[in-house]
Structures are given as structure tokens and as C-alpha cells.
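Remarks on the structure that follows.
Chain nomenclature is as follows: A, B, C and D, assigned in order of appearance, with residue numbering initiated at 1 for each chain independently.
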Amino acid sequence: MTAPATLEHYPQAMREEIARVRRVVSDLHAELPRYELVVWTAGNVSQRVPNPDVPDGSADLFVIKPSGVSYDELTPESMVVCDLDGALVDGTRGPSSDTAAHAYVYRHLPEVGGVVHTHSTYATAWAARGEEIPCVLTMMADEFGGPVPVGPFAIIGDDSIGRGIVETLRESRSPAVLMRNHGPFTIGRDARAAVKAAVMCEEVARTVHISRQLGEPLPIEQRHIDSLYDRYQNVYGQK
Amino acid sequence: MTAPATLEHYPQAMREEIARVRRVVSDLHAELPRYELVVWTAGNVSQRVPNPDVPDGSADLFVIKPSGVSYDELTPESMVVCDLDGALVDGTRGPSSDTAAHAYVYRHLPEVGGVVHTHSTYATAWAARGEEIPCVLTMMADEFGGPVPVGPFAIIGDDSIGRGIVETLRESRSPAVLMRNHGPFTIGRDARAAVKAAVMCEEVARTVHISRQLGEPLPIEQRHIDSLYDRYQNVYGQK
Amino acid sequence: MTAPATLEHYPQAMREEIARVRRVVSDLHAELPRYELVVWTAGNVSQRVPNPDVPDGSADLFVIKPSGVSYDELTPESMVVCDLDGALVDGTRGPSSDTAAHAYVYRHLPEVGGVVHTHSTYATAWAARGEEIPCVLTMMADEFGGPVPVGPFAIIGDDSIGRGIVETLRESRSPAVLMRNHGPFTIGRDARAAVKAAVMCEEVARTVHISRQLGEPLPIEQRHIDSLYDRYQNVYGQK
Amino acid sequence: MTAPATLEHYPQAMREEIARVRRVVSDLHAELPRYELVVWTAGNVSQRVPNPDVPDGSADLFVIKPSGVSYDELTPESMVVCDLDGALVDGTRGPSSDTAAHAYVYRHLPEVGGVVHTHSTYATAWAARGEEIPCVLTMMADEFGGPVPVGPFAIIGDDSIGRGIVETLRESRSPAVLMRNHGPFTIGRDARAAVKAAVMCEEVARTVHISRQLGEPLPIEQRHIDSLYDRYQNVYGQK
């Protein structure tokens, strides 16, 4: 995959879509502090922009937060655009230090249109113990279809974070993975769905944590988990 | 009970009351995130609209939240109206996925004018262990008249959630029930009272949880609970 | 003590002071939800209005919150004025259900100019176990001069709550008492000081609770507590 | 070091810089309640103003919060200016009661340009047990390069708080120290960096606390901590 290095080499329709997605991704970053998933500059949201001329997805781009900029200063213009190798294609700032992990996910999971990473407190607390969150709430069965799994310990610098995310999520119905000693990454059909998964991941991490502080939560039978998950994914919300 | 399927078959006075209740119910939804009882689209409030022509209540309606719509987008117009079978009578969107449970409560508890469902964190944590909240606070004696009871495990799809709520609340003075592995449902003479019960349920769930983290709270004698409950229900607030 | 029943029998200067104090007390109520010390209508603040014609204090009045009114609806005009027997002297609404306890404190502690009652979460959690908060933080030594003590179990209806508060605080340097199974009452030279004590009481209740969750906090030697308390009460803040 | 006692004896460029830093420090105080690091009047931020005529730093000044003033009332004008002995050089109010500790840090650590002190809940809870926060999160390795260390018990009145801070931080990569039974002090190249360290210190104190409530967090190998710290200090953020 040798993607062109500047935006002018991409189709006009894609450039227009990027302008729209810059606003979507910038606005969604405001949800992270609103739901208390991040402090200071931590956390990032990205969304894929498909390339209509290259159906295999290898020439897609994605819009992501710039590195080390505080949430109050984020604007659509300050967002950056990268190709699926994580190389900067458009933007006046450096991309988030987690860009390589986002890029790996988009390269290997073509159905994923949005990725979110946070250090949200309760999810990160489970991640620090390397312990999956058991599925003991009906809302967890609805949204995650089972436990929230743990990914391997991996540090920044090569593909090991991205690979850990992808390998863990491929074996799970969960759109969230707790990377060990690090924090959650979530995926979705678009950035908004990935933000919702990040919000719900922290919510179930907190509720199950608190429940376990005073005893053991009661398990939900697998057939009920399956039934709840199936119904929620197919029926819930407005058509 | 074969209620008419569109609003025009209901009395004029009822249609006017529905316009008012749409605003009440829409506004009360804003209390749920304000008191941190819900995230994203979870949680719902409803209020009964009595049918003055059918005194047995079987032709009453209720106003409830549409399904899967975020709290920022709720308006009086987006609320939906259902009959006591849970069938949609008026509205451009689908009703909340918890509509059948609300309808069951209104069918079987004629004195109930409002119902609220949330996944508020501490109440849900007790629910996940299937453990009632003991009455160890004077404010709990005031508001709940005893422990907050636990209802059975039940999943969406038939009347089992509604039946679990009604059977549990009939044996209790509490306006709140913790449905196992699921979360609290609360009732009141109107939607505002049910919202207050939801707020207080989370408050006592949190306070008693925290108290028990470092030891065992001291019990309150039953005669004191009775005396506090009686006084609060009959004397408190403005006449 | 047979205080006159209407405001016109009190000195003009006192009536003017009451107008001022109505605003002070109304505004201070907004601090309680701001610092998350109350939900819904719980909690109340009062301030004494001394009677310049009766130096022994027996003909003083105090301004307090009306009963069962939500925080959003409080105004200076809705505050009520009571005499030190707790009888209503001025106001269109009923006084807070905790008025008798406030009145008892003003009757028996003439140096107290303000009283606050809340059900703040962590302080109430200690109260439910009937356990005093040990003085293990320098800020606690500063503000409380030792542990926050526990008062007896007492229910509304006679002087037992007020008596419990007064007897407990007389044996302590603390401006806060945790009434068993109930919640904190705090005092100060005026309502603002009592609100500050309520805020600090919850703060130390929370911090010491959290510290003890993972082990035993280290004690502070009594001579250091004394030294910190003495300095803070005499030096801190602007002259 | 016998610094002149009034601002007119300092260079013009320094007086202009002080006007700018008054606003910076005043604005940064708003971050402390925003991140829930302080209640009421607790907590303080300061920033050094170097003296260009005296390269050894001994004639520097710093801008700090006045004592006992609430966060709503802070303005650039209400900030006070002290010399490195902690003596008031400019301002209409008394300096923060923690001024001597800030001054000691600036005297002994010439590379430090900003100091922050809070009683943030979770950091103070670790401090009350006298227990360092172990480095079990990648974000901790990034920001702190290891555990957050504990300083000695010390009370206000002489140099013992300042000396405890300096001696502890000299043996650590951490910009934060937990003073025993007291709370965290943080340092940075300027006040903003010290505020960030205060925010991150509370964040890791909370996350590691919550993780340990249900078991033991997994350690991170020292070589990974070193690698993360090195990369973050040298690569992260915009150049």
C-alpha cells in the first residue's frame, strides 16, 4: 500500500467528505470530557473516510485529533488527516500519538468506520489488573453481547497496540477492548458509534466494579445474553 | 380491553391534557442526566393520562420517551402516546423499548400516575447482586418506609418485567424496585413523583453502599421506621 | 420565653436585617447542590437575626428555608422567619421540617449565628455506622481541631435532635456533628461559616473514607493537631 | 539574599512580566475547581518571574494566590507578589498560607517555574496512608516516569514543608509529591505545567486506587516505564 502523500491526489468527493468529517470528529471530542472519559489532552476520536475509487479500502483516509492539544482548542480545522499507514496527508499539526493504532484498526477491520481511545477511570482500573468485565448487567448484554475483553500489554512505537486491539476484538462481540495497563479502545460503524461504545464501556466498568465491591454479582445465563444482544442489535432505536 | 388506535377517538379533554403532559414528560427527562441517573439514551419517564369517560382506567393513555433518541434532542413533540397495551396511539417515532413494562404497571396499579426507569449506577450495582438496600438512613425511612426491594430477573419481550415490578411493589411501601441484573423502576402519583423516587433511590443506594464499604451500618428499629414514614408521607412539604 | 408572634412587634433595625439575611440565606442554599451536598429538596441553611433590645438572645429570630421547596425555586421572599421556639413569625410557607433542631441550637448556643443540615453522602455514610471521622488530615486539624463526632439517634417530633447536636458539639472543637443514621449538622458564627463547615465536613468524610478503603491512615500526633488548629483559627485568611 | 521590599526596585521588564503572570496565575486557579482538585478556598498556584539582572535566581519573584479568598473572587489584581524568602513585595492582601513552601521550592530548584498545591481527594487519601502510588499505568509512566513518591510529615511554620518537597522530588522523576497526611504538591517549568501535573496526579491516584480495590494491578517492567517516559518527554505534543 503506497498511498499518495497529499490530499490533492484523492478524489474530489473524498475531499468534500473530509471537510464534513473534520466537523463531526471535532464535535465528538467534546463528548469525551462531557462524559468524564478524559482529562487534559488524553483521548482521541477518529473516523474513516472511504475512497470510492479503491474498493478494497487500502486508499482510505481517516480524520483524527492532533497531538497534545487541549479540548477547548479543538476545531474542525485543527483536525488532521492520515492515510492507513498513519502518515500525515493533511493538517498543520502532528497527528495524535495513538495514530498508528487507529490506522492498524482501519487497515485490518474494513467494517470499522470509527475508533475511540480514552483512559476512562473505571475501564482503565480493570485494564490495570488485566481483568475482563463480566457480563452481569442486561445493558451489557445489549451493548457488548458478553464480557468486555482484555488485550495484551503493548507499548507505543510499532504495530503492537493495533495488533492487540484487532486480535482481541476479532474473538469477541464487544466493540470495546481493555488494553492491559493502558485503557480502553472502542470501535463502531462510525465515530459516533465508537464514542457511544466508549461511554457505555465506562458505564458498565463502573457499575460492575461498584457491584463487586460488596459481593459477587449474579451471572446472567448465556442464552439470555444471546437473546438480549440479538434483540438490541436488530430492534432497538429508530429505524 | 380493545382501545382505539388513533388519538381522534379519545375525548377532546384528554387530547388537551396530552399536549400538556408531553411537555411535562419531555422536561422531566432533563432531570435524569442532571442527577446523573442515565448516560446516552438509557432511561425513560412516562405519565398516565386518565380517560374521563372510562372510570375503570382501561382506556387511559400514557406519554413516554421515543426509543433510542438522545436527551439533547427530546422535545414535547417527539414524545409518543401509547395505550395501556403499549400500542402506539400518537407519535412519529417508535416508543421506548421499555413501553410494555410501563403499560403493565399502569394496567395493574391504577393509583400510579408516573413511571421511571433508569440504570443509575449504585441502584444497578445492588440489582446486579440481587440484594435489597437495607433501611439504615432516616431519609430512607421517610421516603421508602423500609428497604428497597429486589424484583426477579426478567427479560424484554413479554410481560415478565412489568409483572415482576408490580408483584414486588405490591408487597412493599417502597416506590422503587431493583430489577435483578437490570436496574431500578420507580412509581409515583405522577411522573414528577416517580422521578423524585428515582433520584432518592440512587441517593440511598449510593450512601448505604459507601457506608457498608467500611463496616456494617447500624439498623433503625422498625417502630422508628414506621414513625418516620408516617410523618413524612402526611406532614412534609407545603400543603 | 414568650416571643411575639408577628414581625411588627420586633424592632425596625431587626426587620431591616431580616430583609438582608433572607437574601444571604437564599443565596447560600445554592452552595449546597453546587458542592453536591444535597439532592432534590433535602438540606437547609439558617441564620440568626439578633434582637438588639434583648441582650440575652431569647427574643432573637432566624431565617430558614421553607419546607419541601426545590432549590431552583428558592428566593429571598420564599424564606421564612421563626422565633427561637421554632414558631413561624413571618413567611407565606411552612418552615423546614428541621426547624425545631435549628431553633434548639440557637436557644442553647448563643455564639452560634448559622446552622446547616445536609444528607451529604460520605458524612451520612459515617453517620449510618455511628462512627466518628478520625483526624488524619492536616486540613481536618485546621478546620475541626480533631475528629468529627457522632451524635445520638434521634427522630423528629421533639427536642431530641437539637439536644443531641448541642450536647455533642459542646464536648468538641468540631463545628460539625454526624447525627446517627441521619446526617451532618454544622454550625458557625454565621450561615456562611456553617456552609463552609458542611462543605469541609463532606470533603474530609470522603477523603478519610477513601484513604481507609486500602489500609489505615497514619494518625497525627495530638500536639500537631493542636498547633495546626490554633494557627488556622487565629492566622488564616484575610484580616 | 536580601531582596528589596517593594516592586519599584525591580527592573521594568520584570514589572511588565508580573502584570502578564498575574493574569496567567489567576486564570489557572479556575482549573483547580474545574478538575475538582479543590473545594472552597483550598489550593494555590504560583509562577516564578525571573530577574534578568541577577542570573543566579536569588532575586526572582513569584506570583501567588492571596490567602483565604474564594475562587469566584480571584482576579489578576488580587494576586500577590512575593520574593524568594516569601516576603510580600506587591499586593493588597496577605499571601497564601503555603507561600513559604512555594518560596523554598523556587529557592532550591532553579529549573522550576511553577508550583501547585491542592488537597485533591484521591492523592490526599494516599498521602494520609503515607503510601506512594505504584506505576501501573502507561499514562503514569509517560507523565511521572515511575511511582508518585511520599514526602515527610511536616507542619506549617518553618521550612519543613518546602524542604520535604525538595528532598523528595530530587530523588524522583515525578513532578508530584504526596506530603504525608497533607496532600500533593506539583512542579513544572511554568504554572501551567504544574497544574497539568496536579490534574494527572489526581487522575492516576484515583485510577490506581480503584484498580486496587478489587485486586492487585499488574506491574509494568522498569524497561517499559523508562521507554514510555523517555518517549513522552521528548516526542509528545506539538513542537
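The criterion applied here is as follows: a residue touches a chain if its C-beta (ideal position, glycine included) is under 8 Å from a C-beta of that chain, and two chains touch if they have at least 3 such contacts.
Fair warning: this is a prediction, and the values are worked out from it, not measured in the lab.
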- If you take the chains that touch chain A and keep only those that also touch chain D, what is left? none
- Message: Please compute the angle of the rotation superposing chain A on chain B (C-alpha atoms), rounded to a multiple of 5 degrees.
- Response: 90
- Message: So the centre of each chain is just the mean of its C-alpha atoms; given that, what is the distance between chain C and chain D in Å?
- Response: 34
- State, to the nearest whole Å, the distance from the C-alpha centre of chain A to the C-alpha centre of chain C. 48
- Task: Send over the residues of chain A in touch with two or more other chains.
- Result: 213
- Query: Chain contact graph: line, ring, star, complete or other?
  - Reply: ring
- Message: Under the definition above, what is the set of chain C residues touching chain D in their complex?
- Response: 35, 136-139, 196, 199-200, 203, 206-208, 210-211, 213-218, 220, 224, 227-228, 231, 235-239
- Complex contact set, residues of chain A against chain D: 39-42, 66-69, 93-94, 97, 119, 121-122, 124-126, 128-131, 153, 155-157, 180-183, 209, 212-213
